[in-house]
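Pasting the structures here.
Here come two complexes built around chain A, the first alongside chain B, the second alongside chain C.
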Partner chain A sequence: MGKSFKILAIPYQVWLSVLVFIPLVAMVVISVTNLNSTVTLSELQFTMEHWVLLTQRPTLIAFRNSLIYAGSTTLISFVLGYFVAYQIFRLRIKNKFIVLTIVILPMWSNLILRTEALLNIFSENNILKSIMGFSLFGNIAGTPTAVLIGLVFTYMPFMILPIYTALEKIDYALEEAALDLGLTPMQSFWKVVFPLSFRGVVTGSILVFLPTMAGFAIPKILSKGRIIFIGNIIDTKFIYTNYNSGALLAVILLIFILGSILLMTRFDKEGETLL
Partner chain B sequence: MRIIGRLCDLSFCDLHNIQKKVNKTLEIVKKKSIINPCETNKKQRRTKMDKKALIELIDVTKTYDGENVVDHLNLTIYENEFVTLLGPSGCGKTTTLRMIGGFVQPDEGKIIINGKVFNDLPPYARPIHTVFQRYALFPHLSVFENVAFGLRNRTYDYLSHFFGVLEEKSDSSKKSKRDHHKLLNTMIDSAVRDALALVKLKGFENRKVDQISGGQQQRVALARALVNKPQILLLDEPLAALDLKLRQNMQYELKEMQRKLGITFIFVTHDQEEAMTMSDRIVVMKDGVIQQLGTPKSVYNEPVNRYVANFIGETNIFPGTYIKKDLVHFMGADFKCTGYTFEDGEQVEVVIRPEDFDVVDLEKAKLQGIVTFSLFKGVHNELDVKIGDVSIMVNTYETYEVGEPIGLTVDPYEIHIMKVESDGEVV
Partner chain C sequence: MKKIVLLTFIAILGVTLIGCNSAPKLRILNWGEYINDEVVAQFEEATGLNVVIDVADSNELFYSKIKSKTTAYDIVIPSDYMVEKMVEEEMLLELDYDLLPNRALVTYMEGVNQIYDSMTATTLARTGDTVDYTDYAVPYFWGTFGIIYNNRIEGLEESLQEHGWATYFDADTYFPTARRGMYDVAQFAYAAALTYLEENPNDYSASLLTQAEDVIRDANFTEWGDDTLKRNVESDNLDMAFVYTGDYLDRLYIQLDEGKTLAEVQADFNIFIPETALVFIDNMVIPYTSENIEGAHQFINFLLDPEIVALNSEVVGYATGLEEAYDIIVSNVTSEDPWRQAWATANLTYYNKDRAGTYTPMTALDPDAIDAINTMIETVISG
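Moving on to the complex of A and B:
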């Protein structure tokens, strides 16, 4: 049994090393050398001259945009998502799986398609107007608000699920114990339920923060190219075969990701809230 | 005494302002210590007749899905009493406890505590604390923080009354207010330390609750409830998860604690031995109805029906006839009995505990049988004796071989007679 399982694991291990580990090393190497399509391996040299990119204004603005939008998306998703997760947790319905399915239902359609649809709804002449005669949003396409709504809409389920999981794992007796010890229901929420669901909040925040910061499709589409994220710069660099700069920015993103994973393991050692 | 000890500790701290207040409170406490709980307890036990009713359940009913889980229950519990609700799972004992604690609202009837109707009062407004079945300790807090949890989340007003240190109205400056709060916080700290010492958990303050054993968790749960000085402590099968030795030790400790602190304990269990060891009174329940209410002795020796007799200890029940005063006929022989009045010739049920049979010489015996099974139980031997086609259980100190004939008799005062249950229910 153990042996055949070992053999069956080999394809993934190969896939992991060929398609993840080697490219990762290559990315780091490209970011600190002059390697590109015109330079052969024999001419390979260590250089950090393209690191000047990190001090250029467009890059800094893109980083700032990425961080600010990722931060606000995380915060909004947390506030709204916590209520949703708590409501699902408190529902008296037996089959909560159905409710959770509804929460993740938007993920069933393609991300680009959804975002384009949102762009249409945010535009002057949109589908809602032609159907109902009025629109809820007005013409906000291309504005920061549109981007923020798009990001929250897309990534909120990633916040709701881990918080819900963390809440489900809290023993109801603990809340009763808090009430028994003289706390009001509100106090017992803040002193018992919220601290115990906090690791779900951390996991959810990272699951929202990272893809938002690294993403490029949603801001590109919804801001009509006006708001540049770091992902958009990486995208452009690779399109114009400036691999060194693109790889460098990707490495910087990688550092953020590793930092987040470290943070997550501190709060949720067994990764319980991910399941 | 404990309060004074705590204040002595306090006075060693170098906060001068606090010192002043402490001296003041010391005087108050000295006055109060005349009515120290230990002493009042003794006093009250001496005058057991005029006990004060603390909790009254009047016609309390709780229905789940059309079924009465608790059915028109009437129960009065007095001050400083150790009352056990005993019964198998599903008999309504836990629901009764949860209604007293305020976690479940009764559908009918009244719950009166200290003379006030408590039906709709939420748990946090009741002078009651609970030790939960699986302890329900807060996993994100240390042992110390767990015990301090109740007091820490009270208002300063509440704490001032709780510790009996009222703020001086005259100087309500910010500084004195801060000092007062500081005093209250130090008092919480020492109260928590006292509670931990009471349950023998000194030195475990900074442990996480998942770093201590089940027995220790149980003690933390106890300290967490007791530190709030409840009038009533509810215990929901708190010993169920402990191993036998630990459970027996805790039984004695709980009983001792209850005696010392003068708190009313309401204990829920399905373990009749546990109930016997600790209780002042036992409430035997079945299907939401009280079957019998009485001291362990009376419940054991004089069960009111088959159900109670079977539930409390091993027993033999025989159909019989009450021939006339002090004479009962069962197992084909007439036995003298004492203290029961039925109609002459009435069908009755006779209860005899296994240890109440006396083994005698065959010619003197009223009952003669053959030993069919013998089990050594340490102190005594457990025998199955076949008399005719009825098998009875007998406990004796002597050893008998299987197949040996044996003669039995019963003393009049060991015979307990019950009315035959009208609905003919077989339990």
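Moving on to the complex of A and C:
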């Protein structure tokens, strides 16, 4: 049994090293050298010329945007998502699976399609207006609010599901004991349930923070190209085959992401809820 | 275990075989929605070749796909500046005009010749080499850039016709509350700004960059988009945007299909093409990766047939490069079929062969200049 499992793990290990590990090394190499499509390996040289990019205003603003929006999205998703997860956890129905399915229902359609649809209903003259004669959203397309709504709407399920899993894992006996020992339901929530579900919060935060920080499609569409994330700059660099600068920014982004994972895993040492 | 392996093997084999077709292949790398399927079918029938079309949505992607040699494309359809770059990097094969007998039977439009001359001139200025681009390229479609505008805004059309570029860029003087949009391609914004400043859009210097930055900042763009621009002007969510004339025609044809008349559409939104217009040309070229050079020539020759080009133009809203094809298209102006009649009128209105004006394609600026322009635009956007 153990041996055949080892063999079956090989394909993914190969996959991982060919498509993740080697490119990662290549990315780091490209970020500190002059390697690109016209430079051959023999002309390879260490250079930090393109590092001037890191002092340019647009780059700094883009990093700031990515961090602020990723942080806000995580926070909003946590506050709103926790209540949803808690409600599902407390539901007295047998088939919670259906409720969870509804939570992830938006993910059944394509991300870009969903975002474009949001952009439409955020615009001044939108499909709702032409059908009903009025629109609920006013004209928020191109604003930070639109981007935040889009990000929260997209990534909230990633927050809800781990929190719900963490809540379900809590032994009900612990709550009963807390109530028996004289805590009010509110106190038992704050002293027992919430701390025990915190791992779910951490996992959910990672799952929301990372794609938001690295993403570029949602902000580009919903801000009408007016709010630049670091992903957008990386995108532009690679489109114009400026691989060195693109790789450099990607490496920095990676450091940010690894840093935030390390920070968060201090609360979830076993990484239990990730599974 | 053995059964699983066997089944997997059979499944893989099955999938592989489905993709097989014994006819020799012609691999084309094209833009999306940029060829009439009927043209492809007729070509396949005429030559027995099996046409495989991949699409990419930018010249830069064309470049990297050819450069990386992952697929042996036989035909690519890059724009002017990318053809310059590809020729410079020796990525294209010279055309063998003996294999293109149709070429002698057709005349290129005046605008097309102007574009090829302009490309030769910019290359000469940059590298000192004289390149005749018709050695490598045959026009696929070409077209102007213009300012698509919301005709529901009172006076905007008159202002554009009277003041041209200034109406679009000088937001302080003209229509300060108008919602302006720009293509999110930095070089387009830069070239448009330079054209407004009456400079050569292909020049680059630090001082020009600063001037362009001021102009672009003052225009106060509310949207940096792509296909979204035309749709937003159409739906009254934007008032002016710098776009391909074909972007406008694309929406126009869709509305005509839905039963509107040309006049009705123009009353909602229209496009203004400045006299000093920026233009582009997409060209059929044969990259050095080609494994079917003869087939590639057959395809180019096929698309030098005016009838075929006119057929292709029915689904693509850009201008044909051949006078003979243009004549076929505009001859439909007397057609009974309202769509064909509107199609011919649109070509007469927006791509008129005898239109006076200068046509300048955007050249391949060097990578450092492109990078600086990108950063400039990002700076403007970031505020």
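In this section, the second predicted complex is superposed on the first by the 263 of 275 C-alpha atoms of A that agree within 3 Å, B and C clash if a C-alpha of one lies under 4 Å from a C-alpha of the other, contacts with A are read in each partner's own complex, and residues count from 1 in each chain.
Keep in mind that, in the parts below, a contact is a pair of C-beta atoms (placed from the backbone, for glycine too) under 8 Å apart; a residue touches a chain by one contact, two chains touch by 3 or more.
Here the structure is a predicted model, which is why all the values come from computation and not from measurement.
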Exercise. Does chain C touch more residues of chain A than chain B does, or is it the other way round?
Worked result: C
For this session: May I ask you to decide whether A:242 touches chain B, chain C, both, or neither, giving the answer as first, second, both or neither?
Result: second
Exercise. Which of the two partners, first being chain B and second being chain C, lies in contact with A:171: first, second, both, or neither?
Worked result: first
For this session: Could you say whether A:191 touches chain B, chain C, both of them, or neither, answering first, second, both or neither?
Result: first
For this session: Considering only touches as defined above, state whether A:224 meets chain B (first), chain C (second), both or neither.
Result: second
For this session: Would you check which partner chain A:183 touches, where first means chain B only, second means chain C only, and both and neither mean what they say?
Result: first
Exercise. So, does A:42 touch the first partner chain B, the second partner chain C, both, or neither?
Worked result: neither
Exercise. Is A:95 touching the first partner chain B, the second partner chain C, both, or neither of them?
Worked result: neither
Seminar exercise, completed: Both partners, chain B and chain C, contact chain A at residues none
For this session: Quick one: which bits of chain A touch chain C in the complex? Just the residue numbers, please.
Result: 4, 37-38, 56-58, 61-62, 119, 123-126, 141-142, 221, 224-226, 228, 233, 236, 239-242, 245
Problem set entry | Residue ranges of chain B in contact with chain A within the complex | 101-103, 122-124, 128-130, 132-134, 136-140, 149-150, 153-154, 224-225, 228
Exercise. Mind pulling up the chain A residues that touch chain B in the complex?
Worked result: 171, 173-174, 176-185, 187, 191-192, 195-196
Problem set entry | chain C - residues contacting chain A, complex | 1, 58, 60-61, 63-64, 67-68, 89, 181, 184, 186, 222-225, 228, 232, 235-237, 367, 370-371, 374-375, 378-379, 381-382
